[in-house]
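Residue numbering begins at 1 within each chain, and the chains themselves are lettered A, B and C in the order written.
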Amino acid sequence: MKAYYFGTCVIDACFPHAGLAGIELLQREGVQVIFPQEQSCCGQPAYNSGFPDEARKVARHQIKTFAKDYPIVVPSGSCAGMLKHQYPHLFTGQPEEEEVQRFSSRIYELSEFLIKVLNVRLEDRGEPIKVTWHSSCHALREMAIIPYAKALLRQLERVELVELQNERECCGFGGTFSVKQPAISAAMVNDKVSDIVQTGAARVLSTDCGCLLNIAGAIGYRGLKIPAQHLAEFILERTHG
Amino acid sequence: MAKPADVVTFEHNVAKALEDGQLRRNLRSAMTTMSQRRRTLFADTEAFEQLRTLGQSIRRRALSQLPELLEQLEQRCTANGIQVHWAETTAEANAIVLDILRRHGATRAIKGKSMVSEEMHLNHFLEEQGIEALETDLGEYIIQLDGETPSHIIVPAIHKNKDQIAHLFHEQIPDAPYTEVVEELNAIARQELRGKFQAGEVGISGVNFAVAETGTLCLVENEGNGRMCTTAPPVHIALMGLEKVVEKLQDVPPLLRLLTGSATGQPITTYFNMITSPRRSGELDGPHEVHLVILDNGRSGIYADPERRATLQCIRCGACLNHCPIYTRLGGHAYGHVYPGPIGSILTPQLEGLDEAGVMATASTFCGACEEVCPVKIPFTEILRMLRNEAYAREESEHEVQGHGYRYTTVEALSWKSWALYNTRPALARIGAQVLGKFGQHLPMIGPLKEWTRVRTPPPFAPKTLHELAQQRGLDDDR
Amino acid sequence: MMTANARENILSRLRAIPTHGRYTVPKAPVIAGLVLSREERIDRLRQMLEVMHAEVRVVTAREWLGELKELLRTRALNGLLYAPATPLGAALEAAWEEGLPPLVPYVEPVEQCRESLFAIDAGITSARGAIAETGALILWPSVAEPRLMSLTPGLHIAVLEAETIFNTFAEAIDRQGWLEQGMPTNALLISGPSKTADIELTLTFGVHGPKELVVFILQ
C-alpha cells in the first residue's frame, strides 16, 4: 500500500532522524512511503496565535500537496490533530470545505496507523531499560492515540515503563506559549523534568517532538543525562538489534 | 512598542505567584485532592460522558430560549410573591440592593457565597455606604478577615494553610485562642457567626439554578450558612447572572449531580435548598420579602455570538480550575479578576473587554484538560482561540468583542505574513533550511530565542532536514 | 418601577438575536436511573447517610418511639423542639414521659421566639421522603413544621417512612408530583450534619447547621 508522510516542521528542522525512523517503521511493514517535497507546516502556530488567515494560506498549500487519495501518516499528535480536527473548522464556510473534509478523513497519527491499520508486531532486541512516558496533550485528548502508543511500548518485552506522577499534565510547550508566557512555561517544564527525574527512568518518550524539544531543552539546561526521544526512534532502535 | 497594560500587570502577577513556594505547594496539594475526588465519583467514564452530554443539552436548551425563560421565571416568581429586579450593569445591581437595605433600615447584611456579588464588588460598595456586608461561608469569612478576594470559585481560601488561618483568627476574632486544629477553627467560626445569624437583618445569596417552570431558586451548600442567610432574616436578596435560568424542574437532578460531583467529588451537598416564595400566610418563619436580582453585565453581548454563547453554559463548578496546569501554578489572585482559571479566561475578556483582560486568553497551552472535565462541555479551546483572533483582528466582524484588535502590531502581523510565505514557497523553505542548518547554532539570543534559552538549551537545528534526507532516499517519487 | 428600563433593554437585546435555527441543542441521552429493591434502597440510603456522619436507625413503626426515648435519655438536652400540629407531633405528645427533655412546641412566629430557637439543643421533624442514590432526605417545611426546626438546633432528628424512599431525585419529583402540587416555600434535601472542607480541604462536621443528624427509618 501507499501512504503519504507528513513530517512536521519541528521534526524537519530539529529531529529529522525521528522522522526517518517513522518512515522506516512503515516501510518495514511493506508500505510505500511518499514524502512530497512541497510540504511544510500544518499551520498550527498561526492558527493558535490569532492569525487564522495566515494559517489558512499554509493549510491550503498542504491540502494541495497531499492531493492523492492515500492515507497521510503524521508522527505527531498535535499536528495530526490540527490536520484532522482543526482543518474542518478552519475551512467552515469556505469553498474548499468539502475537499478539506476528505483530506482530514485520511489523517492518521503514526502509532495509530501502526496498530490500527498495519497491526504491527515488534520484537525487542535491546537490553533491559527503564523508561517513562509523557502523554502529549493533543495525542491524548484530541487524537486519543495514547492507547496505541502504549500498546506499541508494551510489545517491547524488556522495556519497563515507570509512570510519571503527572503523566497527563501539559509540559508547558503549547507552541508560541513557550515564548509568549515564558515564566509559566518554564515552571511547567521544570516540574515535568523533576517528575521525570523522580521516576529514575533512563529515557523519557513521547509521540510529539514539540514536547520533546521543550523537555529535552530543560533537561539539557539542568545538566541531566536523560535522553528525550520520539517513540518511533526508540522503537526502531529496540527492534533493529 | 509598549506592551498593553493588561499584559504588563499579568506578567507582574505571574512572577509574584511563581515565586511563592508556599502558595504553589498549597495549590498543588489542593488541585490533586480535588481532581482525585472527582475522578473517584465519576469512575465510570462512559456513564459520565453520557451525563455531561445531558448537561450540555439542558444548558443549551435553556440558552436557546433565554428571553422566554427569563420572562417565565419572572412571571412565576412574581406570582409566588418574589420581587424580581433587572440590572444591566453591576452599578444598577448594587443600587437595587442598597435601596432594599435602606428601606429596611439595615446596617448589616449577612451573605452566603455568591460569585455574582464578587462581580458586583458588592461588599466594598456597601461598606462605602456604611453598611456591613458579612461573609458567612467559612472560606469567604476567612478571606474577608484578611482583606482578600476569593482565589477559587468553590473553595475561596484554598491558597491558605492552617497556620495562616490560625494566626488570622487569633489576631482578628476577639477572644479566639491560637489553634491549628481544624475542628477547633471551625468551632470558633461557628460561635462567632451564630449571633450574627440570629440578629441578621438582611440575607444575601447567590443562585445556582433558577427554574423557570416553577419560579424556584436553587442553592447548594454544605455548611448551613446559606440556609441561615435565606431563612433567618426578614429579608432575602438573591443575586443571579441571567444565564442561570433552567427550563424545567426535572432539569435540576442531572445538573445538581454534575455540579456537586465536578466541584468537590460529592454525590450531593449537605443541603440543597429550593426556594419558591417568601413566608406564606400562617407560616412561622422565613423571610417576609424575597427579592431576585437578574444581572446582565455583558452577558447579553456574549449571547449575541452563537459560538461564544457556550461560555454561558457554565454552572460554576470550578472543575476547569482544578485541572488547569496554569491555574495550579498561579492560583486565582494572579489572574487579577473575579473569575480565574479557564472559565475566567473566556468570560472576563468578553465581559470586561479584551483591552482590559485579553491577556487571560493567552495564559493557555490549549492542553484541553478543562474541556475534558467540563460537565456541560464548554469548548474552551475554541473560544480561547476566537478571543485570540479578536485580539489581533483588523477588520470589523459581526459581534465583535470590545477591545477587538487591541494587540495588533505591524511587526507581529508582518512576521506571520512572512511565516505564511515561507511555508507556502518550497524554494524559500529550502533556502531557509540550509541557513538554519548551517547557522542555527549561532543564532543571536534575542526575542523568542532569548526567552526559550532562559531555562532550556537552544533548539538543536539539524545539519540536514527531513526534506533533504527524504529526497536523498527518493521518497518523493510517487511511482 | 426602577428596573423596568433595564428589563426592557435586556429582554429586547436578547430577543433581537436570531437564536432558533442558529443554536444547536444536542439530543439528550436517555440515562437509565438507578433501580433498587425496597431493601436495597433502605441499605443504600443508610450507607450514604452514614458516610456523611449521620446516625441511622432502621426500626419498626412500633419500636421507634421507644428507641427515640432511649436515645434522648442518654443525652443532656435542654429541650426537643417539635411540631404539635402534625401526626408526628401528636405521637410524641402521647408517648412523652418523665426524665426526658421537655417537648418544646414551635407555635409562635420566629420574631417572638428567636432566642429559644437558637438556644434549643434538639429538634425533631418528619421527612417527606428520601433519595437512595445520593443519600438525601426530603424535607417539605410547612405551616405546621417550619423551616428553622431542622437548622438551628445542634441535633436534628428526622423521621422517615421506609416506603417513601425513592431510587433517584428525578423519581421523587415525579412520583410525589412536585410540579402538579406546587413547590413549598422552601423544599430541602438534607444529606447529613453540616460540614465544610474550606480549611486545607480537610472535611469536618458541625459548622452552622446542625452538628448531628439522627435518622429514624420506619419499616
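Going forward, contacts are C-beta pairs under 8 Å (C-beta built on N, C-alpha and C of every residue); 3 or more make two chains touch, one makes a residue touch a chain.
All values derive from a computational prediction rather than experimental measurement.
Participant: Tell me the shape of the graph of touching chains, choosing from line, ring, star, complete and other.
Facilitator: Graph shape, chains as nodes and touching pairs as edges: a line.
Participant: Going by the touch criterion at the top, tell me which pair is linked by more C-beta contacts: B-C or A-B.
Facilitator: Between the chain pairs B-C and A-B, B-C carries more contacts.
Participant: Suppose each chain is reduced to the average of its Cα coordinates; what separation in Å results between subunit A and subunit C?
Facilitator: Computed from C-alpha means, the inter-chain centre distance equals 54 Å.
Participant: Find the geometric centre of each of subunit A and subunit B from their Cα atoms only, then give the gap between the two centres in Å, rounded to an integer.
Facilitator: Chain centroid spacing, subunit A to subunit B, equals 32 Å.
Participant: Hunt down the residues of subunit B that sit against at least two other chains at once, touch-wise.
Facilitator: Within subunit B, no residue contacts more than one other chain.
Participant: Could you please specify the touching residues of subunit B with respect to subunit C in the complex?
Facilitator: 26, 30, 33-34, 47, 50-51, 53-54, 56-58, 60-61, 63-67, 70-71, 85-88, 92, 95-96, 99, 136-139, 142, 155-158, 160-162, 165, 182-183, 185-187, 189-190, 193-194, 197-198, 213-214, 216, 222-225, 227-228, 230-232, 242, 249-250, 252-254, 256-257, 264, 267-280, 282-286, 294, 296, 300, 303-304, 306, 309
Participant: Which residues of subunit C touch subunit B in the complex?
Facilitator: Against subunit B, the touching part of subunit C is residues 2-3, 6-7, 9-11, 13-15, 17, 19-20, 22-29, 31, 48, 52, 106-110, 114-115, 118, 133-136, 142-143, 146-148, 151, 168-170, 173-174, 178-179, 182-202, 204, 206-210.
Participant: Please give the residue numbers of subunit A that touch subunit B in the complex, ascending.
Facilitator: 2, 5, 7, 9, 11-17, 19-20, 23, 32-41, 43, 45-52, 54, 57-58, 60-61, 68, 89, 137-138, 141-142, 168-170, 172-175, 177-191, 213-214, 216-218, 220-221
Participant: Write out the stretch or stretches of subunit B touching subunit A in their complex.
Facilitator: 11, 14-15, 18, 325-326, 329-330, 362-369, 371-372, 382, 385, 388-393, 407, 413, 416-417, 419-420, 422-424, 426, 429, 433, 436, 440, 447-448, 451-462, 464-471, 475-479
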